[in-house]
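Take a look at this one; I'll ask things after.
In order of appearance the chains are A, B and C, and numbering begins at 1 in each one.
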């Protein structure tokens, strides 16, 4: 004897679940159109990683959304002419090794304290502190004397000619000196920018609201920055209207949105996201430059461009963005996919079949993907390559400590502005100390010449030197992207890709 | 009962204490240095050393452990090395999301598990029972990451009905929030539902053989009334304790489900901590996971002991 | 005398085995597992493609020389699924037995002395408190993500599972008449253990073994899926599934192969465990 409930009852219970799925179909998360919150214009930004307040003084991608929205810098390059334009500095005069900057007098920090010359001096000093990291630190360290002439003027004198002082003024945010400790911890983020930080929840996001005392009229009422670690979810947020702007979608996702009329993929004209394979030149057989040249020939740059970067960028053997004065279109094509040539060079060097490790940062999706292609290409050329994925901290530690025992795939920036910034500040190329352990007197003097006496002759020499030595083999000059809903108007960004929302609006 | 409780609780505490040493020791063996990450890509060694000192990473290991433990006991979980924020706050935020997910999963598991359990034991129709049994076996075996991808494929890609990932807190916007919650919660719920269904079915079959049920049947009481008034009330208590053990497992499952659906919970935080070599954050989260498991296990034991006196005597 | 008191060993046991493996669910399960493993091991015969060979033809749909299409690097997905099965063969054949043997040995040790038992019991409690994936995360944090982390995790998960079953078997059998009798006639402890006690606890261990194989496939998939398991470019079912998520729009078939393979393996091992349980444990 079995007790039983009528089948109807059981099936009914199952049906209930199905009905629950279908019932509240009135508003769908998928088709949801963007609505402003309570009539206020709040721009919602999604990005893959959390902001890192401790690294605001250098270029660090997750900070793109706050560097220039919460803070200001002294000057800002015009993207076409690459001439500095006013920021917190209204005007300036260069005399020999000295720059005198006239500062705006109508600027206040979000705390209400007026911005003065002392804040600029403090920012410079701050940059020299050992625990503060910045790619333009070498410029700050070259400052021989910095003094104020009244409350709204400073004179900065360098110890020697410096070709990239305005790169420093472009990257150096002016923080509130009274809350600098809290800034590093992320507990108080105070600047002079168009938006002030209302709340910051690490790992999740930042809420910004309009700074009513900003020195220009601001159209947006606020900005919401959300951290969404998966690129596909960022796309979902854009499609559902929950976000208006995504920073650096996975290139293939961005490419997938290109054809969509509701969205626009803004590819930064700074083109400062260059991917490369580096060689530790102290490791055999990479100590032979023919092997490094073979690596440069072996890689299929165009497949990386299409399969990993979604066609955003340009295959190039040079580290510079096309806008850089040092860029040379003819030389950029020096190395192209040529397995036969690579094999030949390897045979000459007696390195066919040599065992080499290929390291990459497994935390960065794009790098990991490029490494997969590089590994396969090098195998084709007859190198016995094993891929070694390292977790982010481990990779960084080995990279900066010079402990990478072979090849490494990574990305670099700083090819877009003064060429000196690359060879003095970007770690892969730093002539004093670099990830490749490449130390060379000629290179060092070329770097100094580039820094102190920039010009076409030295650019040519540096290019030929880099192309010949190949301790860094550049692959593709790509770019950071801002994928925006077409509702977003007036988007701008600096040459370091810091979002500038001074004139941004939501339609 | 009290004596039994007094015996069970300290052993739970002991497990936690040993686990805390393990978690602490084991993560210090790992390569990589958070100070280097924090110091930034181009930092010179002096900077790194300074940052390391700031983080307290240059103290001796026992001192670091003692410091950590003291912090845990006083509710001060310390700061995340990488995110720079108080860990309590980080976990608090992620926990909200994970709690929403696990509670959603629990509700679904009870509904689905209940229906399938009854369906496997009660209906006279053999096909219905077989259907319920088949569903139970499948739901119990198919890993959540397969279910998850399948759901995304069906309801987010083929039919664009639901969002493929992300979260809108259900309390802030229920109408939209549930659409984000339903797929991840279902993924997490199915294996639990399967276990519940299996135990419920077994429990119902056992109770049905009891004399009082046979008597009721003999008296000609309506089958549905028998089920609701006599069978279920007696069949449910043992199933509830099974639920306790299952909930302890949910946190582990949440790691996978949160990864599929980009659900911003503690599972994501844990992966982030592990991959970013964020010692303190990882330690705290691993210990949290272990603690949740141990507490639920102990509670389940106590509930079971309260229901079944025989258990108090065994397990020495 | 000993002969009379001998445990119900060899002969009846063989019948039980036959009953266990003879249940329909065990048969179906074994057949599926056998086929899958064969497909994995004979992968080079079943596909002409190198699972790691890239090409310019990325994200093709099924057909045209590619049974399941290609992935984002233009690699053949059918080949990657077949070679991915090999990872699970390795994990089930290497890691599970290591964990099982280690766990069983520790479980047997519990019978040596009350204090050893207490200590090991607590150790098992601690290990069990690290649920499978939490253990996986911990291991990956220490030795880094990769196949070794998966192997260590799978072995580690199994230690307390087998340990408890072996302990219970030893402790219950220890005081049974036939063991006491054997001991009184002077059978040494090792012989006692191997000849008398373990064979009688073996049913539980065998059923657990089948469940553990299913768990192993599950854990490999989960770890690779969340990025702490098998690493690119080597294929594994979990990592294939993970990378498919990003390309479901372009090539929905990408997900189908790994999804079917993982499900078949896990379900098949579960069926075997079910069948064995019915045949061996039901008295």
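As a working rule, a contact is a pair of C-beta atoms (placed from the backbone, for glycine too) under 8 Å apart; a residue touches a chain by one contact, two chains touch by 3 or more.
Please read these numbers as outputs of a predicted model, since none were measured by experiment.
Student: Relative to chain A, which chain's C-alpha centre is the most remote?
Tutor: Comparing chain centres, C lies farthest from chain A.
Student: Can you tell me which chain is nearest the middle of the complex, judged by mean CA position?
Tutor: B
Student: Using CA atom averages as chain centres, what separation in Å is found between chain A and chain C?
Tutor: Chain centres of chain A and chain C, defined by C-alpha means, are spaced 44 Å apart.
Student: List the centre-to-centre spacing of chain A and chain B in whole Å, with centres computed as mean CA coordinates.
Tutor: Spacing between the chain centres: roughly 38 Å.
Student: Averaging only over C-alpha atoms, locate the centres of chain B and chain C and give their separation in whole Å.
Tutor: Between these chains, centre-to-centre, one finds 23 Å.
Student: Among the residues of chain A, which are close enough to touch at least two other chains?
Tutor: As it turns out, chain A has residues touching two or more other chains at 232, 362, 390-391, 394.
Student: Which positions in chain B are in touch with at least two other chains?
Tutor: 31, 156, 275, 277 - these are the residues of chain B that touch more than one other chain.
Student: Among the residues of chain C, pick out those that touch two or more other chains and give their numbers.
Tutor: 144, 227, 245, 249, in rising order.
Student: Where on chain B is chain C touching in the complex?
Tutor: Within the complex, chain B touches chain C at residues 11, 14-16, 18-19, 22-23, 26-27, 29-31, 137-138, 140-143, 145-146, 149-150, 152-153, 156-158, 248-249, 251-253, 255-256, 259-260, 270-271, 274-275, 277, 282, 286, 289-290, 293-294, 297.
Student: Where on chain C is chain B touching in the complex?
Tutor: These residues of chain C touch chain B: 122, 125-126, 129-134, 137-138, 140-144, 214, 218, 221-222, 225-228, 238, 241-242, 244-245, 248-249, 252, 255, 259, 262-263, 266-267, 270, 274.
Student: In their shared complex, at which residues does chain A touch chain B?
Tutor: Result: residues 1-7, 9-11, 13-14, 17, 21, 24, 26-30, 32, 50, 52-55, 58, 60, 130-131, 133-135, 137, 184-186, 200-204, 227-230, 232-233, 236-237, 240, 242, 362-363, 390-394, 396-397, 399-401, 425-427, 430 of chain A touch chain B.
Student: Help me check something: in the complex, which residues belonging to chain C touch chain A?
Tutor: Counting only chain C, the residues touching chain A are 52-54, 56, 58, 72-74, 144-146, 227, 231-233, 245-246, 249-250.
Student: Which residues of chain B touch chain A once you look at their complex with the stated criterion?
Tutor: 31-34, 36-48, 50-51, 54, 79-80, 82-85, 89-90, 93-94, 111-112, 115, 118-119, 122-125, 128, 156, 160-166, 168, 175-176, 178-180, 182, 208, 213-214, 217, 223-224, 226-227, 231, 261-262, 264, 268-269, 272, 275-277
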